[in-house]
């Protein structure tokens, strides 16, 4: 729990910080002839650190796998990690540093849409390549970004369709609560378009937004109870709040005694990590929707899970060794898919690597063979609906038959 | 004694069960299990209802008890995914290294090639499973004279229309049920009686629903009202609309009380976050931007104490919050004193510089905690007495944890007031606030007063962290969420005034929560901020500033 | 100058909460006069000055400047612009600026249009030098005001008042903390300031000094004027001796 | 020191102009370095703006991010408008709101002259209104600091909203063309960097002239003893308003320079943390000296850029220690520290020389 080693290390380094300028020169500049660099842009401090920080280590782990297998095109890959400190402009700055100073051949980074938007011009203008491991609002298609995760039309709508089916409880009334920014708003807009196509009228849904970091959900949950008991059919909550609002929302849900059997919640950004501080026995049955769930059974998944727990304990990292979340797997997939593209292109040069994208596949730990087409830089993946279990994890309730083709621009938006 | 009785009974039951569970019964039960194994929500729900009816098929209490136990066992296995099915539809219950037949409950084995799979617990199945389990538990309790868990009672309340009518009529006939259960059952019955043609039944139902006014009962009544044919007797129409009006009024009162209560609880949180700041800023003039971090540290100390209790004194766990109070206060206060001694004391003559220094301190503390504990949200055990609440008026739910926070805030207010106004220490603090040199001249150790007041302010922030630990997310950056709000409250209230802080917290909290449902949470915050800025223009020293000749 | 009365205070009441500090106080000061105000601590001397300068608002009664102008609804800035200058008990000079800059600011402040005037005219420079000679600081003008000696700060502050050519100068304890030589210099300065178009009010504890510079002395006691007259008359008054001088006279003369 | 800041101002302006000249003659530079220096120059200007207010007029604003954001957002609106005029499609955050053309307040923003007028006007109006009301009500010191913080926080919350038309949380990005140059490339970076340096230099020179002028004297007098000045008959509200509005305009200029260089603007620049950080630059560099805060901004933001890449775990600890140490031991900032160090070396020197003498 208390990571003494790291603290000592930190304070030791603190003392030696005056030496920082001395190793400036050695770290900057192009790599040795036998190595090539990739960069990480995940915050290990600030508001996003809780979920984002571990992705740095995932990339390191995946790169170690590549190197153990002889590297890429015979070169050893080196990972350069920076800390954008949850400060959006700093993502751009660090991205620029990774591309221009460190000559990184690919970047793996960003969690929030705004951080991606911030790095976007940097990679576009400097011939960079960014692998983005999060699901997001879609409506963007940059030639320089590989979208490892799903846009809403290919992940959220299948989940909604399930919940509106008889098996899913014939949901017909929807309370949409989200953080006030583009991802939740886009998703809800797509949802509303979808509702309209299904003949669901405006009286049957309610939409509300909260500021970032909002945690006083008492009023909203009172309102949800009221909404749920009104006539018109089975209600569900579509939850698109993010970050620390998620556990706060669940805490109040538990507190007001609302069970999945009363009003089910479809949490679109809910991860195992969000359940870490909660007593999940009262949350059992609530749902989330991702392209990977940890409980899926297959050889690749067993492999990555054991590799991660070994990596965590071997390096004394402050992350849970047995939690594997979708963005981690997406980042992991990203590293491997990049390596495949490089091997195929026969060079590390970005334009050539981009040319090689079409038809790259990878056996993802989710159990699907995920693939890229030359049409856009989206990756086709399977979809899972998970249901919260007693052990702060998700059981798989439903999964798609194949990998739906990602739709960057939703017809409903 | 009771244990012996239960034991004997269960032996008897085992025999009786094996006797009765043959022939027709066995067919019924395997059909039920088969239905549960179908993985199809409709069939599973039918099976669950059949399971409910099955428990009250016989009038023999022993049989009822046996069947009820079996039903509960099956349902619990189903929800815990211990019920596994073969492709042919026979069910088994997985235990630790054992497998029992779902119908006979006997140990059994299956061929390794047969793939056993737990049925999908689709969303519509969950409520049925919960409600059947609840009524079955009541039936079992009525036979064995045991108590029924609150949870079961609550689930009856939430989904009255789904209660199995045969189980309900069985239960209503029992005379040994405790009053609270009878009330619940009557409410459930009322929902079902609404469809009755009999006018007396209907009016009884209306009366019960009126007594238990809620959005749910209103919805049920409105549905009935719209289905009433124009030819229906006038009194029925009138009775219904009267009941609807009564319920609507009560709901509105309830809604108003809800907002007030939310406002009050938010105010108490603001107050707790701000009171420490009111001491260090108000009485000492120190702008402490690290105040939020003391809140965070208070929560982390609570966490450490919780973990220690969990390892060394598990029995005390339910009281860990109470036990933590003195530790949190003293330890956070100690850290505060250390910071005062090392940093703040150099800066009393430069208030704007304390702002920067404490900002540095805050960065340091956040990152130190991040390195020591990691960035994830900490898990706090919430004692059972703080979960849930009681519904008072309409849908007005008084949640225990918020009530506890309000109570705690009141307690902190009283203690602070007594400390500042009724003790030697308080007199010294006020003397130093008024005139440092004079206080020093009359023999007050001003350094000691400084350290102690800063420690007090920090300790109070620590207590806020303790109180918030079960409501908010606890992580290294939690403090930053409070600092702006806390400053607003202190400045609005008027520096140096405990009552001002209280009034400002109430004002900000209630106004914020009252605007929220109308314009949304974002606008609420913006409006409240604007109001505060405007108020400061008119009362630059806050609402409760002391008028003195300077 | 056609007016005679520089200050006319009529039925002034000032209280803080329930505590009345000035009770129905009526009082006048004429042009050309140097007036002393004495009284025990808490008599209301500083509150009177605060009321005169707009620092404290009064509940009832009124104050007129130059016979006719009521200051009841004026801010301290407007009152200062009427030509009422005040030296505070604690010397208040701009310690980060030089003596010259202090005087320059006071000069510019006295003529509101010259605040934004980029360069001083030669007449204005001359005036600053004249004033600095008057207050005996002509050799210290380039020094940072914060580094001046206590007495020099007092003089600088008086200089800042007179450079703006005021009608009324209020001096709150001008010789507190000064040695006898400095007191002598201050007395000389005050007698240099006096003139037919200016009224000087000196609030002081130092009886000897008040006797030396003032024509008339007002004794304040408990928020009211107890007696007014030349020092000799006041000092002889039994009432005054009883409440004030009896205790203080000894210490004052032993100074 | 004062003369030094004049010289430094001219020198910086010359450097900037030289860079622009050299680049237009085809001299090539490192894009990364230019970008870094250009951004730091914008921060330095921001620090200078707060120093003028805090260091010379004694008014601490914890809401200077607001004016920085006004400049930044308006220039971003200009860039969005230019991109829209070129491509005909509004940015995605508007498409998503269902708008097919830009809202009315983007009117004419494609003209740079209009943009500059707009920045000056908006900044002046906002700062004047807020300043006038607050100064007239005599909100001072800590209270002023806290309500400015509330102000910037409030605007941040508002800008997070998507329907405000400024891109919400994600802000505005994806500029294709900056002042007629391609958005990327070392030439653009060099021009922007040169422009920033030149502006910084000119502003530094201008500030020096200002603080030496009578207004500057009155600003100092307000800092030293505002009530004394009032009793001399000066309406200090005017003085404070002048300092406040000029400072706001400088901050807006910093935002105007900063946003094209980072290529994105979003509500984070309105976060109270950034505004506190500006105060930290000023305090670290030494308020009341014009060069100090520039130095503070350069040192801290420079260290931040380097250390978040090199030693991400350590950076916050280094920052915290630096702030605390400087605030406690060196009240006048780094300028003071350098003199501490100098005197330490002098003492060390004299010590060794004494030793040297004592040895035969």
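Going in written order, the chains are labelled A, B, C and D, and every chain counts its residues from 1.
Criterion: a residue touches a chain if its C-beta (ideal position, glycine included) is under 8 Å from a C-beta of that chain, and two chains touch if they have at least 3 such contacts.
Given the structure is predicted, the values throughout are model-derived calculations rather than measurements.
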State the pair with the higher C-beta contact count; candidates are A-B and C-D. A-B
Which chain's C-alpha centroid is most distant from that of subunit A? C
Chain centres from averaged Cα atoms put subunit B and subunit C apart, in whole Å, by 68
Go ahead and note the Å separation of the Cα centroids belonging to subunit A and subunit B. 30
Suppose each chain is reduced to the average of its Cα coordinates; what separation in Å results between subunit A and subunit C? 74
With chain centres defined as C-alpha means, what is the inter-centre distance between subunit C and subunit D in Å? 45
Using the touch definition from the top, which residues of subunit C touch two or more other chains? none
Subunit B: which residues touch two or more other chains? 367-368, 371, 522, 525
Residue ranges of subunit A touching at least 2 other chains are 10, 45, 180, 211
Using the touch definition up top, name the residues of subunit A that touch subunit B in the complex. 1-3, 6-7, 10, 45-47, 49-50, 53, 163, 166-170, 180, 208-211, 213-216, 218-220, 222-223, 225-226, 229-231, 244, 247-248, 251, 254-257, 259-262, 264, 273-274, 276-279, 282, 284-285, 287, 318-320, 387, 395, 397-398
Using the touch definition from the top, list the residues of subunit D that touch subunit A in their complex. 30-32, 35-36, 39, 92-93, 95-96, 157, 160-162, 168-171, 173-175, 183-185, 262-264, 266, 268-269, 304-318, 321
Spell out the part of subunit D that touches subunit B in their complex, as residue ranges. 54, 60, 62, 133-134, 137-143, 145-147, 149-151, 153-154, 157-158, 160-161, 272-273, 276, 279-280, 283, 313, 316-317, 319-324, 327-328, 331
What does subunit A use to touch subunit D in their complex? 10-11, 13-14, 17, 20, 23-24, 27, 44-45, 80-85, 87-90, 92-94, 96-98, 100-101, 113-114, 117-118, 120-122, 124-126, 137, 139-140, 180-182, 185-186, 189, 211-212, 413
Report the residues of subunit D in contact with subunit C in the complex, numbered from low to high. 213-215, 217-218, 220-221, 223-225, 227-235, 238
